[in-house]
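Each of the next two complexes has chain A plus one more chain, namely chain B in the first and chain C in the second.
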Partner chain A sequence: MSCIPQTDLTKNRIEEISSSLAEPAWLSKERRLAWEKYIATDVPDPKADEWRTINLNSLDLSKLKTTKLNPNLGSFETALPDGGKLPKEMSAALKQYKEIAGFIWQTEKGTQHVYLDPDLQKKGVILLPLSLAVNSHAGLAEKYLTKTRKFSHDNKFSLLTEALFNSGIFVYIPKSVEIEKPFLLGFDFVGNTCEEAVFSRLLLIAERNSKANIVNVLLSSNAKNINASPSLSLVSQLNELYVEAGAKLSYAELQDFGQHVFYNSRLNNYVHKDAHVDNLSVAIGAAQSKVDVATYLQEQGANSEVLGVVFGTANECFSYNTIQEHNAPDTQSDINFRVALKDQSKSMYQGIIRVDKKAQKTEAFQSNKNLLLSNGAKADSIPKLEILADDVKCSHGATVGPVDPEQLFYLMSRGLSQKEAEEFVVLGFFNKVLAQFPVPHTLEWLQGIIGETLCTQFQSQAELKAEAAVLVK
Partner chain B sequence: MTKTILTIKDLHVSVEDKEILKGVNLTINAGEIHALMGRNGSGKSTLSYTLMGHPRYKVTKGQILFHGKDLLVMPADERARLGMYLAFQYPVAIPGVSVSNFLRAAVKAKRGQDVPIKEFRAELKDNMTKLGIANEFLSRYVNDGFSGGEKKRLEILQMALLKPEMAVLDETDSGLDIDALKTVAEGINSLASSDNAVLLITHYQRLLNYITPQFVHVMHNGEVIKSGDSKLAHELEAKGYDWITQELVAQA
Partner chain C sequence: MVAELRQDDVLKNVGTDYKYGFHDAEKDYAFKSGKGLTREIVTKISQMKNEPEWMLNYRLKALDIFLKKPMPKWGNAKLLNDIDFANIHYYVRATEKQGKNWEDVPEGIKNTFDRLGIPEAERKFLAGVTAQYESEVVYHSIREDLEKQGVIFTDMDTGLREHEAIIKEYFGTVIPSADNKFSALNSAVWSGGSFVWVPAGVRVEIPLQAYFRINTENMGQFERTLIIAEPGSFVHYIEGCTAPVYSSDSLHSAVVELIAKPGAHIRYTTIQNWSKNVYNLVTKRAVAHEDSKVEWVDGNLGSKLTMKYPSIYLVGPRAHGEVLSIAFAGEDQHQDAGAKMVHVAPDTSSIIVSKSISKNGGRTSYRGLVKVYPEAHNVKSSVKCDALLMDEASRSDTYPTMEIDEKDVTIEHEATVSKVGEEQLFYLMSRGLSQDEATTMIVNGFFEPFTKELPLEYAVELNRLIQLEMEGSVG
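Our next item is the complex of A and B:
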């Protein structure tokens, strides 16, 4: 298949998408508004803190073509799929969690499998591909999708996502419905040798006093077989979590895309009165990752805990920006972000804490620790505090450094090889964050996935020597 | 026939170009318990780290042989798998790594094969009971937030599981309360056998009330300047170190 070097990131494409999905008029209008904003917004400044670790040249907007999704693909099923037929990250999740409230499996070709526990369906829970929900639940979808534009964000890619999204998921938890078992969402971006673009939106609504746990897996199932083209494919997401008064929502995301992917993501948490949100972002893949996680604590008593774990290898570049925005009194936010980097990988963490004048008695904490596992790896950490209230408790802390040689020696003195010792230290470093995420079995599932990645990434000295010997011959 | 486990010959060790050990000689045979005493800063821990292969301690001269094999060419993990063990004076915390995962990995590395989980659990329980370590410690992170005494107990628990031929215990008695001292001493005694050997580094006679060493050595300024039997420890307890250093001056 040859690539036609002509982008379709155009206004025309909006009409095409809208009409092919038979979208309501308000949504087409919303898309056009986003497009206007996109055009009016400056391109990212490659020298700005949030962009300077990212290689913007790896993305060629003049070549990117949006994927053509088949809206009729896939089906509503009465059961979960056979785990054996899914990529390993997904099958491992199914195995660990055992009980699943709902399941959506999407690829760049479209939705493959939708399942929702019938009991939950009876209670009014909705789990649908977004393209269907905008018609079947137009009232709800319109109410929330049109709210987005009130929150200014300057990320050009997120605006483009709002204009051109062609994939997505809609989850709705009605008032007072409490669900312990998680929803499992998955997206497989296989890609091919052409530069493609997938824009997707995730809309999660937890109504008053409801409770839900969401696990979202992003991966490239045959990443190893992809011949990366010189410029990357784009996966751009806009994920929004509406946590209404008294609700509790936990959202975990695992990003394990292939090296052909430029990943851009914006996650907005809107937290209302006495509501609580937990986020966990785990990134172990993609060539370039630019991720913004914003928490808007909008009403009194709102509360959030944002966790992050990044493991970089090869030439991967990460830029994580967290925003803790306190707009009401007695609100709390806590951020704990840990990054471990191997090879030539790079990371920038920027943590913004904003406290509005009226947000007295705010408590906002931020911690970012970076472990450098090779001489070529680089990590940076920048806190930015904009505090207008006077009665607040805020703290931030950052560290960047190599693995503690005393820890390695201690482990090796017990017989563990250097490779095993390093793996232990890194896994332990991540565990301190992963263990804080409240959804049961998430820790074990992610430990397994990360452990496997570490295992292949930390070659033993013996293996390296053997490899060197082969190369010399 | 005596079987020599460890031979230290004219060992010179430097840290950051500063010579700390200045010609240490010591031979330890199977079935023996040796005590090593000496003032703060005399070089006891330097010797223990060097025996285990800490990369910061550079051997500039001399030899360390384990059953006649040159230990100096081996990294710490290889020494451990051969049968060397060091109970640290200051055990290191490994945040995020649970005690049970760590112990299982260590036992697997030492024995060269995975131990069936049930068997491992039973062995672990048994040793933990003996050492008075509560079950909850298994799910805690290695030495993370442990009290001084808890760390020392975990060091002995590891020794019990790894069954080293040559154990170096660096001030395992310090920081232990009176009851814990007895428990830990009993643990060490039950592990000492005619097939292995122990080098006890300590400041206090009170540990030696429970464990009787055949040999007591005094280290001073990077050298072993006096060796004797268990009576020497009593003498040190009563008189301190000055008389030995004075003897040394008189001899010179």
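Our next item is the complex of A and C:
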């Protein structure tokens, strides 16, 4: 991997990426259009609600160097990798899920490992690095990648991602193909001491009446060896989920980057007639995280469930923004977002439910609960409603508070120390959200990972799980 | 009826005064400032009122701030940007008897008075025909009682002349001129409003109403109100009324400051029913000291655009704040109202209840803030917003903000938006009510937590008014 001087974080970089990846002309055009939007968009206002918990000064755009992909785009394997060689989050996932439909392992150096179940290959399922798919499946890629710009937003980093992405993943589930075992995607930001920028895109297409489960793991396995530099590296992602009529797609994302990462992400769910999408975002890492999750309910009967779990420690800052756009009648959306904050960590949750005039019979719900675990922690919540139709049921609720003393008392009366009891309560608090995600084994896998972050003193995971289970009841 | 109340059709732009045919001859006014806002006009206003030097300087400084501050970009930015500040008379001092004629008051307003059962004398006052409520005798005894208790209740201009020391100490301490563009505007050109001072330990049993004040500068375009409740005292102040208040001024920008000293209790009730050509951009804020209690009871029915967020700064331990508000937006109306609770001290608590109804294309927005500063332990705050949408042309928004910097707190927020329940309607109609009656009954019930906090005569009037507004809303 080489670090390119900052001057390449410019429009010239587009041609460079396009030519080095031998991209089709329409894609270069999309990149240029996105660049123009990027230039025309105001720089984030550090005082604006969605940015004020984020330390924008921690990112020095003039110092950022974009990583250059290794032209060798990884190897296509006929088997899954040995779990022992993967970071613990990934090996834990492999162990929990047992059966995997497909697997991609990428680092900023390039794609390391691609595996797809041969039976699924025969059914027409595609799992590829995006840079290959834009050529090998140009028709599909063009059809969907050119749609992005029609859904305008003003996240400058996401627009930059659209212009400069140089890595990514393409997943395609053909009509009526139903896959129960999950796809496991992983991105390891290996990083080094120089301030780097990685821009990647995920494009997921679930055709009519198909069904798929996707699990995406973002981490930096090398984080402990990195000398924290005063300005951070940028990992910026644009993830798009097209859920066509009658399809059912579940997407879970675990973000556990190191403290040298400024994470920016935009997730767009496009949900069509009678389709259903589930999202689960779990964030336990990165120094700064700015995440937008937008759900566009485009056709009658579209349905979505967006779940979020944030656990902040140290000086981590989070800004989560959920957008529920009801653009058609009889649509439903549900948001359940829980945040627990320790140390000096900060979180801003903003959620908006927007109901268009024609979206009658909409049902939209939003819940945001915040647990403050230390006096230095700070939680802000802005749940918003903009309702233009009259025959709707919309509501939101938000709470902020410490751990309930009664629950603590109960647990402590069973012999737990205050610290242990608090950790159980937090785990139980998160469990309510995690358990809603419909892909089997996800709860156990994430419980293990959050539990490990949360309760370092517990003797064994088994004990933890047993007691957490009691708590949940 | 509703159609007759729709006056915006006549009024296209703000700032162009006297479109209703209230073309009073210049000679009817003791003084009328030229259009637009300059240092000369501000100086002239201050001189006309024989104000002390410090107030003039205060006004001039505020003017500079006003000119420098940008227009807010939130709320209804489109309507705000329509305001033509250069086209407004910033000061019109009316003579003892204003020259407006009862005949000039629009039929719609007169009919509404009729239906609400507003007394004859009050009608003229509300229609702006007389500058004062002509029932001096009725209220004379009330004023005497207040004087005996040592309560000061006067208009702000008189207050500044007679109680300069108190006003100098508190004026602008709760809402500095630089707070926002409209508080700066008010600070530069304010005129009228109420000044209330309640001595320690005194309970003012009857609600103080602006009507009781007998003088010409009763209601102003840029009124300024300051209420100080000394330790252990109680006062209930009522501003406005349920009947539509007809105003030819298209921009109203008031500043209201409340100070509740330790153990004091202030309740401030507003029912705003400006005619539907008015921009009502108001800054209202209270400071609540130790063990004190402040309540804003806030009803918004009229105006074209209201932007009003009564706030309470809970600065002393165990202070309690409440905002209870309703908003009703009909055609071409935007009620952007809400509440702010700023918890600075430990053991403080607050409750916000907001109810809104949008109808005939109207838009209601709840915009609120609950802020808890570090070290403000054991804060409890609960926010509840309910919105009813009457038809598909209307809109309802909720923009609450919670900023919590302290761990030991209990903060709750809930909001719902829905339409009138089919089941509720069905139930009432099965008991023999028409759909209209049933809808009105449900709406009245929806507003009930608000109306039950009002003095009886207000509650009765408000219910009648809602009935009027709801007429013809079904079918």
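Heads up, the rule we're going with is that the second predicted complex is superposed on the first by the 448 of 473 C-alpha atoms of A that agree within 3 Å, B and C clash if a C-alpha of one lies under 4 Å from a C-alpha of the other, contacts with A are read in each partner's own complex, and residues count from 1 in each chain.
Keep this in mind: contacts are C-beta pairs under 8 Å (C-beta built on N, C-alpha and C of every residue); 3 or more make two chains touch, one makes a residue touch a chain.
Keep in mind the model is a prediction, meaning the values are calculated, not measured.
With the C-alpha superposition on chain A as described, chain C and chain B fit side by side in the combined arrangement. Residue contacts after overlaying the shared chain place A:357 against chain C, while chain B stays out of touching range. Taking chain B and chain C in turn and counting the residues of chain A each one touches, the greater count comes from C. By the touch criterion defined above, A:41 lies against neither chain B nor chain C after alignment on the C-alpha atoms of chain A.
Judged by the touch definition given at the top, the superposed model places A:20 against neither chain B nor chain C.
Of the two partner chains placed by superposition, only chain B is touched by A:411; chain C is not.
When both complexes are overlaid on chain A, the residue A:429 reaches chain B alone and has no touch with chain C.
When both complexes are overlaid on chain A, the residue A:420 reaches chain B alone and has no touch with chain C. Smallest inter-chain Cα distance, chain B versus chain C, after superposition on the shared chain: 13 Å.
Here chain B touches chain A in the complex through residues 52-56, 75-77, 79-81, 85-86, 88, 91-97, 101-102, 105-106, 109-110, 141, 158, 162, going by the rule given at the top. Those residues of chain A that touch chain C in the shared complex are 49, 357, 360, 370, 372-375, 377-402. Interface residues of chain A facing chain B in the complex, by the touch rule stated above, are 404-407, 409-418, 420-421, 424-425, 427-432, 435. The residues of chain C lying in touch with chain A in their complex are 374, 387, 389-392, 394-419.
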